[in-house]
Structure formats: C-alpha cells, structure tokens
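In this document, chain identifiers A, B, C and D correspond to the written order of the chains, with residue numbering beginning at 1 in each.
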Amino acid sequence: MPEAKPTTEVTTDALSTLRRALRQFAAERDWDQYHSPKNLAIALSVEAAELLEAFQWLTDDSSRSLSPDQIAKAKEEMADVFLYLIRLADKLDIDLVTAAEDKIALNALRYPRDKARGSNKKYTDL
Amino acid sequence: MPEAKPTTEVTTDALSTLRRALRQFAAERDWDQYHSPKNLAIALSVEAAELLEAFQWLTDDSSRSLSPDQIAKAKEEMADVFLYLIRLADKLDIDLVTAAEDKIALNALRYPRDKARGSNKKYTDL
Amino acid sequence: MPEAKPTTEVTTDALSTLRRALRQFAAERDWDQYHSPKNLAIALSVEAAELLEAFQWLTDDSSRSLSPDQIAKAKEEMADVFLYLIRLADKLDIDLVTAAEDKIALNALRYPRDKARGSNKKYTDL
Amino acid sequence: MPEAKPTTEVTTDALSTLRRALRQFAAERDWDQYHSPKNLAIALSVEAAELLEAFQWLTDDSSRSLSPDQIAKAKEEMADVFLYLIRLADKLDIDLVTAAEDKIALNALRYPRDKARGSNKKYTDL
C-alpha cells in the first residue's frame, strides 16, 4: 500500500506510523490470532462505550467544561478507539483518510446547508 | 495549537485537514449547538455499534474474508467513527496522535512481551 | 397503570416489583433529576458494552463454556442492563412484556421459517 | 429449572413464556448455531445502541416528552434488547429476576442513601 500511494503516504504519515507500531505490537505478542475483524470491531465498540461512560450522567453543559481528570480519562479512551480503528483498517486494507473524505462528501450531499441549518434531524427526515 | 506544535502539525497533516473540514461543516449548518462532547460521544458509540453490526452473526473466519459490499459497509461506518473521534478531539483540545502514542507506551508496560505472548487476558489478570 | 391492566399486572408481577423497587431507590437518592430517558438509554448502552466485554477475545465455542467467574461477571452486567431497561420502560410508560410479544410477532412475519431456516441474513436481505 | 424453583416460576411467568417462545423461534429456524453467548451479547449491544440512537441529539428535556413515533421506535428497540437479554440468560442458565434483585441489594450497599443523595458520582468516587 505505501508503494502504491506515495502522496497520500506523506500526508497520512502519523497514521502509517501508528499502523506499523500496532502491527509490531501484535506480532511480538502473537496476537494476530485474536485480531479478527469481528473481534476488533467488538473491542472498538467496547472502548467507545467506555468513552461514553466518561460523560454518563453529565449535563451537556458540564460535558463542555471537564476537569483535568475527566479529560485524561476521555483522552485514554479516545486513544483506545483510535488504535482499534487503525488496526481494523489495517486488517481490512481500508485507508481511513480516504474513507473520511468520502464520507464528508456524502454528508455534504445528504445535508445541504440550507435544509440542514440548525436542524438535528437525520437526513432521511430532512 | 498549530503555532505551539509546528512539528506535530506537519506529521498529522491529514488529521488537521479533516478537523478543519468538520469545523467548517458544522459551522455552515449551525450544528455546534448540538456538538457537545457528551452528544459527540453518544454519536461515536452509536456508529461503533453500526460498525459492529456489519460483523454480527459472522464467524471469526468469515469476518476475515468480507465481500465487497461488506467492506463498503464497514468502510462507511469506520469513517463515521473516525469523523466523530476527530470532532470530539477538537472540542476537547486533545491531540489524537499523541494520545495514541501515549497509550501504546502504556500498553507496552501493561502487556510485557513475555507475559502477554499468545494470551487473550486483560492486563489486570496477566 | 396497575389499575388499568389488572390481568397483565399479575403475569408480570416480578417486573412490577422490580419497577417499584427502582422507583423507590431513585426517589430515596433524589436521582430522578439524572434519570432522563436519554441518560437511561446511555447507561443501558454502557452496561450492554460491559456485558459484551465479558466475551471479548473469546471464541464462540469458549463463550459457550464460561468459568464460574465469567458467569458471575456476565450475570452482574445482565442485571444492570435489565434494571436500566425496566427503569427506562417505567419513564416512557412502556410495557416491556407487551413490547416483547409484539416484536416476536413482527419477527415471525419478517423471518418466515422456510426462508430464514439456517440463515444468518437480516430480513431485508432474505 | 422450572421444577427446581416453583415459586419463582409463578412470579416470573411472563419471562418464562417469552423464554420458551424464543427457544421455539430459534429451533424452528435452526438458529441455535448462531446463538452463542458471544453473538447474543453482540446483538444485545447493537440493539442497545439502536435504542440510544433514538435519543441522539435530543436534549435531556426533549427526551422526556417524545412524540408517538419516537416512543414507538424506542419501544421496538427496547423489545429487541429485552429479547436478546432473555435469550442470553437462557443460554447461560441465569435467572434474570434473581440477578436483578441481587444487583439492587448490592447497589443499596454501594450507594447509601445519605452519601448518594443528589449525587451523580460512581460509587468508587463517593
């Protein structure tokens, strides 16, 4: 993949470095046997819920002004989500940046500025 | 933040670009009112579950050889997770790459190669 | 509600007892302020993920033969899911048993025996 | 199990009926092969997230006054959670009502009225 997309590789350098670090981490521990896409998707979902737990019972407003401890907790859980996302993308040979760019483009079509402004509706209800 | 960390800014260029695109997307639609950290964490968790749904009922083995349609579905849901993660990091002023690097370092301490090799146990049970 | 549905009340007695116990538990702690349906749905989702975590990294087969410790962990998380489900149903004035019966009837239509036999496909793909 | 606990059986009659209905539903479709505890926990978690999605972007207040359509959506997703919970409990031979009662008793110890009143803190932080 790096050979095929030299330009993207430059701009996504941090992601590539993390991807390689995770590959090595798993290889050194013989963990690829556990890292099926299904299991990685489970792990990602569990970490996303642990992130959500950091905001449980908070009001919207208090979630905008977290304490340093709350930020640290959120940061660690977000790192877990990010790492499993990178690992799963590696296993499925998906380029996360391209996927994200494609989704933003799709969302721009689904949520035209005029119709979506100030609305919290799903595009299917706009 | 960009001024303070010029070096990191270069290596996380793709993430910065996505972060700015999401800021603009929300601003143009007056969506910041909905994008409290709590709500973004909910959205991320919902998308993670939609990603997991793509693997529901599959065996581990079949999750390793997805059809093009299944890959496309997974790719879109992974993009959603990624975008909400970037957006939440922006709102909390968290650097995702640094957070990920810190977590890999912590995991290296929690899961020493010798003890963790071939094991699916949590570090608290190693 | 009890007055209006005496017959159901008898058959769902255990659920009614739990519902009342949870009402009292919250009232004694002045927790109704936190128990918005949104917050209860978050809590339920977080507990469901903690339940899922008990099965993370296990194979399908090993999930069928859990250790006593694993069963105890699953039991506690299932209780949490159940309690939040009952509490949310109470707040939304939804009868869980009727809801479940209705859904089984809908699933019987969506998944006819002949078409669904041995298949792991979603009804929209049958 | 019914023979061993005649008294509980009476009070949990609605749950027993649903459990039997789900057993039959799965047997008629040859679905027990998919219904490993792991897969059922995944399904439950996915449904919990679909329930949460019904409250996504709502304020706490608006989640307290849902429209009939929103109630119907929540009801269906709560039914899904409930059914998978009953099915998983059946597979793990767990009595949901006993599990719930035990957890309420544990919570009463973890959250003493005086210390927990009006607080949204986790028991580990009380």
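The definition used in the following text is that a residue touches a chain if its C-beta (ideal position, glycine included) is under 8 Å from a C-beta of that chain, and two chains touch if they have at least 3 such contacts.
The shown structure was predicted, so the numbers you read here are calculated from the model rather than taken from an experiment.
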{"item": "Pair of chains joined by more contacts [C-beta pairs], A-B or A-D", "value": "A-B"}
{"item": "Cα-centroid distance, subunit A relative to subunit D, in whole angstrom", "value": "28"}
{"item": "Computed distance of Cα centres, subunit B from subunit A, in Å", "value": "2"}
{"item": "Subunit C: positions in contact with at least two other chains", "value": "34, 39, 42, 45, 48-49, 52, 55, 57-60, 120"}
{"item": "Chain contact topology (line, ring, star, complete or other)", "value": "complete"}
{"item": "Contact set on subunit B toward subunit C in their complex", "value": "42, 45, 49, 57-60, 120"}
{"item": "Touching residues on subunit B, where the partner in the complex is subunit A", "value": "11-15, 17-18, 21-22, 25, 28-31, 33-34, 36-39, 41-42, 44-45, 47-49, 51-52, 54-55, 58-61, 63-64, 66, 71, 74-76, 78-83, 85-86, 88-89, 91-92, 94, 96-97, 99-104, 106-108, 111, 113, 116-120"}
{"item": "Subunit A residues touching subunit C - in the complex, by the definition given at the top", "value": "34, 39, 42-43, 45-46, 48-50, 52-53, 55-57"}
